[in-house]
Amino acid sequence: MKLVTAVIKPHKWEEVREALAAAGVAGMTVTEASGYGQQKGHTEVYRGAEYDVSLVPKIRLEVVVDDADVDSVVSTITGSAQTGKIGDGKVWVIPVDSVVRVRTGETDEAAL
Amino acid sequence: MDTGDTAWILASSALVLLMTPGLAFFYGGMVRSKTVLNMMMMSFLALAIVPVLWVLYGYSLSFSPDGNQFLGGFKRLGLDHISQGTAYGTIPEYVFVAFQLMFAIITVALISGAIADRAKFGAWALFIVIWMTVVYFPVAHWVFDFGEHGGWIATKLKAFDFAGGTAVHINAGAAGLALALVLGKRVGWKRDPMRPHNLPFVLLGAGLLWFGWFGFNAGSAVGANGLAGLAFVNTAVATAAAMVGWLLVEVVRDKKATSLGGASGAVAGLVAITPACGTVSPLGSIAVGVIAGILCALAVGLKYKFGYDDSLDVVGVHLVGGIVGTLLIGFFATKGNTGGIGSIFYGGHFEQLGKQAVAAGAVLVYSFVLTYIIGKLIDVTIGFRISEEDEVLGIDQVEHLETAYDEAGIIGGSALKTGV
Amino acid sequence: MDTGDTAWILASSALVLLMTPGLAFFYGGMVRSKTVLNMMMMSFLALAIVPVLWVLYGYSLSFSPDGNQFLGGFKRLGLDHISQGTAYGTIPEYVFVAFQLMFAIITVALISGAIADRAKFGAWALFIVIWMTVVYFPVAHWVFDFGEHGGWIATKLKAFDFAGGTAVHINAGAAGLALALVLGKRVGWKRDPMRPHNLPFVLLGAGLLWFGWFGFNAGSAVGANGLAGLAFVNTAVATAAAMVGWLLVEVVRDKKATSLGGASGAVAGLVAITPACGTVSPLGSIAVGVIAGILCALAVGLKYKFGYDDSLDVVGVHLVGGIVGTLLIGFFATKGNTGGIGSIFYGGHFEQLGKQAVAAGAVLVYSFVLTYIIGKLIDVTIGFRISEEDEVLGIDQVEHLETAYDEAGIIGGSALKTGV
Amino acid sequence: MDTGDTAWILASSALVLLMTPGLAFFYGGMVRSKTVLNMMMMSFLALAIVPVLWVLYGYSLSFSPDGNQFLGGFKRLGLDHISQGTAYGTIPEYVFVAFQLMFAIITVALISGAIADRAKFGAWALFIVIWMTVVYFPVAHWVFDFGEHGGWIATKLKAFDFAGGTAVHINAGAAGLALALVLGKRVGWKRDPMRPHNLPFVLLGAGLLWFGWFGFNAGSAVGANGLAGLAFVNTAVATAAAMVGWLLVEVVRDKKATSLGGASGAVAGLVAITPACGTVSPLGSIAVGVIAGILCALAVGLKYKFGYDDSLDVVGVHLVGGIVGTLLIGFFATKGNTGGIGSIFYGGHFEQLGKQAVAAGAVLVYSFVLTYIIGKLIDVTIGFRISEEDEVLGIDQVEHLETAYDEAGIIGGSALKTGV
Amino acid sequence: MKLVTAVIKPHKWEEVREALAAAGVAGMTVTEASGYGQQKGHTEVYRGAEYDVSLVPKIRLEVVVDDADVDSVVSTITGSAQTGKIGDGKVWVIPVDSVVRVRTGETDEAAL
Amino acid sequence: MKLVTAVIKPHKWEEVREALAAAGVAGMTVTEASGYGQQKGHTEVYRGAEYDVSLVPKIRLEVVVDDADVDSVVSTITGSAQTGKIGDGKVWVIPVDSVVRVRTGETDEAAL
């Protein structure tokens, strides 16, 4: 199994969620995060003063998936989260040894 | 001039001024955190623009004694012909100017709840100027000017509206409905919960509104006397009874009483007792309050039936509450408080109910039609609504370059939650 | 009737009304974020229920002139026999009705701090009705009715209680202790920090309370005169001195002064000067304030010693502060302010202290015993406390179907932090 | 004594008291979340200390009739020689004591905005005591004591300062500048955004300030009369006009109007109209407001040019606004309101402008120099500033052992966001 | 070494923490998260309107452990976090190449 | 590629960010977290009562890096986040199968 972690723009969250649901992803875990990247360096003027804002709000998703589903999940996310503007985010995939469903103790594929 | 009367109307004017920041919190707490600043700033913009209009020509159009029954005159332009020594009844006219100004401010601010999260700030500014001029100043004259060339509702029809059930609440409620129709629904309406982001703010707003409303209602006696006392007691008890009414609806329907319901019930009671507080008894006020609380609690669901996004229930609370209060005078007014004119339950007279209905209907129709036209004109010229994308991002960012909260502060200045 | 006196009592009534929303924030800021709405709604429920009771029979039981020294009469049921022209001293009786109503509201609201986070909302509603009827209305009569058939403390014992140290603060404090015992400790008490979730709200509440308290104390002169002026100055300076006292205790003990301490010190000073503000001098008020600030700062630790969960220190602040203020009158009252009756430090008279102690003790015992019985009755019938599981989840969710804050709003409606 | 006048000044005193908690929110919302409690507590400490000083000797030094034109006398030490029957004009002297006390409290609290996030709390306590004694009490005497041995500005120079443009705003603004120089810049100044952490609080503060300011300005008529009415109307309209002015600057410069700008504009207008509200007409007030709004909006950028960290723009708003208002009297005062003394635009008289400039300059220089010396003395003795490390961690933790918010509450007591 | 990530119900946090401490786990990192899963689909009524609430609050734990301790840590978590109702959460295990203790620079087992 | 996760003290965040930027790290994702560890057990007194505070605020960084850069990134973080006092935090390294840049669909090294 694999853990797909995606960092996306907040206002894309609804679309990504719907796309994943449509693609059959039954569960995920979401956290609020802040991103630092090329999108950095934007300058804000406020009350007559200028500032660099280095962090921008992001949504961070984690989805544990079967090996077989990795590619489709990744492409579903990139497809639905894309705006084409800098800062759209990243998706990375990590190997997972095992998964357990707390409620039942089921493991691995059965736990998803 | 009487210093005691003056003292009370000075205090009342300050109290009513505070209602608009109170409203900003009542409304601001109800929207999502990405739109709270815009919501509040719609009220604060009323505080910024209306006083200037009022001094320039608004007071004159509403109260200058050289007008007719439909509009005041021009002698008071720029507050001309008023000095420290000019009296209005037993108080300095300057004090009356101040007191009535506060009513003008809050009326237009009330409307903003119907178009939460989606109105261009510049368009809202323009709306305030036009609406005050075309709708509020005339209607205030109709209802609040009791002078020789006073307004038709006050002096010809003689409907009772002690503190502005028609001129303020029905007026703002009808205008809110019109603007909600002009602007259309928010993105995600009915799909997303859009629950209040800060309910303590809603309660704070309700508390400040109630506090200020004693100036609004008891101040409308334009003196410190028994009538003010009656209006004060009635304002307290009707508001309480309306909270009870609203919360009971919730308990029966949903098993639990919410804080949003408590706050809304209080405001519904305040709205309904506004026209009635000088003419009904404290026991009658309990009835007015309970009825208003129950009816408004049910009325806020109407928008889902009819499909208009009156975002913060200006229609359900102010229009419905204003109508309820204005009409119930026809049932509960007592002869002792009206100078001999009875009502259905107190003397069996039906005439007054008819007058009340005419006043309510006239203001409702006038305000709705004119507001719809003004709204449409603004919409087709400079545009009234922000783009969908901006709405999703949050109007605070887009229209004010700000986010309301930045509480991550642990990390120096560049706090994690700053920026877009 | 005097318009100036009337103006001040109208303003004072509005000020005292605001104290209850102020209290909602003072208390609401102190609890955890999962219980703030319930905490605030306990105060708002007092605002909803008490005015209705007051008009129906509460005012009559407290102040109707046809009673005896233990209870008022029935002539004022439904505010009967009062019209706009009825006077109470130099003000319209309606204004006095309004002013005293506000005292009734806040007294029962004060109690709620002792049972934070764990009381069924319906049980609290029932408690308000019973407690007001059985405890507050009689005690208010004892202390506040100076008429021919007035209360025994006011007219026979002649203890001084200018604005309600006994009827309001000792009364609420004793009742809070009784309820804290009836309901028992919160889950995790002493184990979890349970620190205030929003200290700015606590400061806001303290600020609004202080502001409103000028109506409470200076309004108790029932006129706009030198006595009101004295009460006003004393209220300002004792409150300040109590903040100094409380903060000094913290600095000495913990090296630092907290904002919770500042807010609590202010309230402790306000409580202690309430009974005394009409009889002591401004210098005496400094003493009263400093002593109350220090003693209450120490008293809030008692609950850990004795093992009762008086969650927000109703006992430590209101009961202790009320007793301190009531007794210190026996030390600091000046002849010039009492009409010739001295005190221990001003004239060397000890008698008054005894009277003060009798008044304080009588109200304390009466309130504690009756409240304990009422609480137990409610507990064994409908149950007073929510389940442990619900308490851990948070009473706001369970009793009001709401969470106070939803600030994640960036993400459309379905904000990340919504829901359970 | 007049009960109506007394009623209004009692109410005004309560209103002005509320301004200091209002200021705590106006300032507290502007800082970062890790410093909000300290910011608020700086105001609350003024509320704790100043009333005690005032009763002990402050009122005497400012207003005791046995002084000279530079300082009051000693007859009023401990409020000696005042009883309930002592009159000050048409009101009890106790009421005047209370009213003027509130001015003293807020003036020193205003200064705190210049030194946000970095002052030792103990040093601030010491500063309050010294500054009030050495700077405020004398300056209040100069400006506010119109008695036989009254102050030189009020009785010799005869500059107009109706409600404290010099004694309050120029005084606090100059002191703020001096302290900002003594303490130096915050860590990360100009690098980190340091944006307001809670803009609704800023708006709440602005709303409460505006509300209270009616007591400040219209109460300065020391009676309930036409002059109070004029001051009231002027306060409403100048504030509104200043909001318009400030927001226009933002719209022109940044394309958008911010909520911080709205709140700041309102305060700038309130500051500027303070000295002028009794002498200019409502039309003149619009001019004063717009000019102040525009100039202050531009002035808040000065600190970046000159490199002083006046954190919350005490200089840009209070010093600049106070000067603008004080000088504009020389242009806009009308003979009808001044008892015959004209101004540049009303009668073509230039003399008054000179007097206004002398008053403004004298207070500015006196306050700046003395404050700088006091600040330096404190800094070299006990130290005025916290360590850099503590500043990064957040002054709330370090000086008050608290964090303002703990909203994670879902998890029992040991909420995730608790602790350091 | 392994990284054990657990997503649990918030009100179980105290119990899980105590169970882990009892089982000898010396450290962990906790974040607030929102979960999407079978527990979704609950409908809320508020002010007369109905809504689907798709996200529910969760607590997310990360514990880096020795390979040998993985099973006991996983079972301690599942044991103490279980309520038997839908939404109890998931636990997944990921391989870790190396760990460093910032304070001392110690690595791997010594860093835990 | 590898995922470097670091848990650090909040007031070190600015320094770490600057050090990483200087070391050429172009992007990262940051979340607020709470840490449990040896730093636990500190006791607080408040309003006269004593409490154990078991969780302390932390900042959690995630940086996906090329295999070649792992060591330098880890040592940059440990270098700049170190105060020498208990609670400085941990850094752990996890293998990553693949990375995608949402905006362009570029993968792996090109996606960083």
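Read from first to last, the chains carry the letters A, B, C, D, E and F; within each, the first residue is number 1.
The working rule: a contact is a pair of C-beta atoms (placed from the backbone, for glycine too) under 8 Å apart; a residue touches a chain by one contact, two chains touch by 3 or more.
Chain-to-protein mapping (UniProt): A, E, F = Nitrogen regulatory protein P-II; B, C, D = Ammonium transporter.
This one's a predicted model, so the numbers in the text were calculated from it and none came from an experiment.
Chemist: How big is the rotation, 0 to 180°, that puts the C-alpha atoms of chain B (Ammonium transporter) on those of chain C (Ammonium transporter), in steps of 5?
Modeler: 120
Chemist: Which chain pair is joined by more contacting C-beta pairs, E-F or B-E?
Modeler: E-F
Chemist: Counting only Cα atoms for the centres, state how far chain D (Ammonium transporter) is from chain F in Å.
Modeler: 45
Chemist: So how far apart, in whole Å, are chain C (Ammonium transporter) and chain F when each is placed at the average of its C-alpha atoms?
Modeler: Measuring from centre to centre gives 50 Å for this pair.
Chemist: For chain C (Ammonium transporter) and chain D (Ammonium transporter), let me know how many angstrom lie between their CA-based centres, rounded off.
Modeler: The computed centroid separation for chain C (Ammonium transporter) versus chain D (Ammonium transporter) comes out at 32 Å.
Chemist: As a quick test, compute the distance in whole Å between the mean CA positions of chain A and chain F.
Modeler: Roughly 18 Å, centre to centre.
Chemist: Counting only residues that touch at least 2 other chains, which ones in chain A make the list?
Modeler: Within chain A, the residues that touch at least two other chains are 11, 30-32, 34, 44, 46, 51, 53-55, 57, 94-95.
Chemist: Going by the contact rule already set, what residues in chain D (Ammonium transporter) reach two or more other chains?
Modeler: 2-5, 7-8, 11, 192-193, 195, 198, 204, 224, 254, 258, 260, 392, 401-402, 405, 407-408, 410, 412-414, 416, 418
Chemist: In the complex of these two chains, what residues of chain F are touching chain E?
Modeler: Checking each residue of chain F against chain E gives 2, 5-8, 31-38, 54-55, 58, 60, 70, 74, 77-78, 81-95.
Chemist: For a test of understanding, state which residues of chain E touch chain F in their complex under the given definition.
Modeler: Within the complex, chain E contacts chain F at residues 1, 3, 17, 26-31, 62, 64, 94-103, 105, 111.
Chemist: Name, in rising order, each residue of chain B (Ammonium transporter) that touches chain A in their complex.
Modeler: Counting only chain B (Ammonium transporter), the residues touching chain A are 392-393, 401-402, 413-414, 416-420.
Chemist: Can you tell me which positions in chain A touch chain D (Ammonium transporter) when the two form their complex?
Modeler: Contacts found on chain A: 44-49, 51, 53.
Chemist: For the complex, which residues does chain B (Ammonium transporter) have touching chain C (Ammonium transporter)?
Modeler: So the residues of chain B (Ammonium transporter) touching chain C (Ammonium transporter) come out as 2-5, 7-8, 11, 15, 32-35, 187-188, 191-200, 203-204, 206-208, 210-211, 214-215, 218, 223-230, 232-233, 236-237, 239-241, 243-244, 247, 251, 254, 256-260, 262-263, 265-266, 281-283, 285-286, 336-337, 392, 394, 405, 407.
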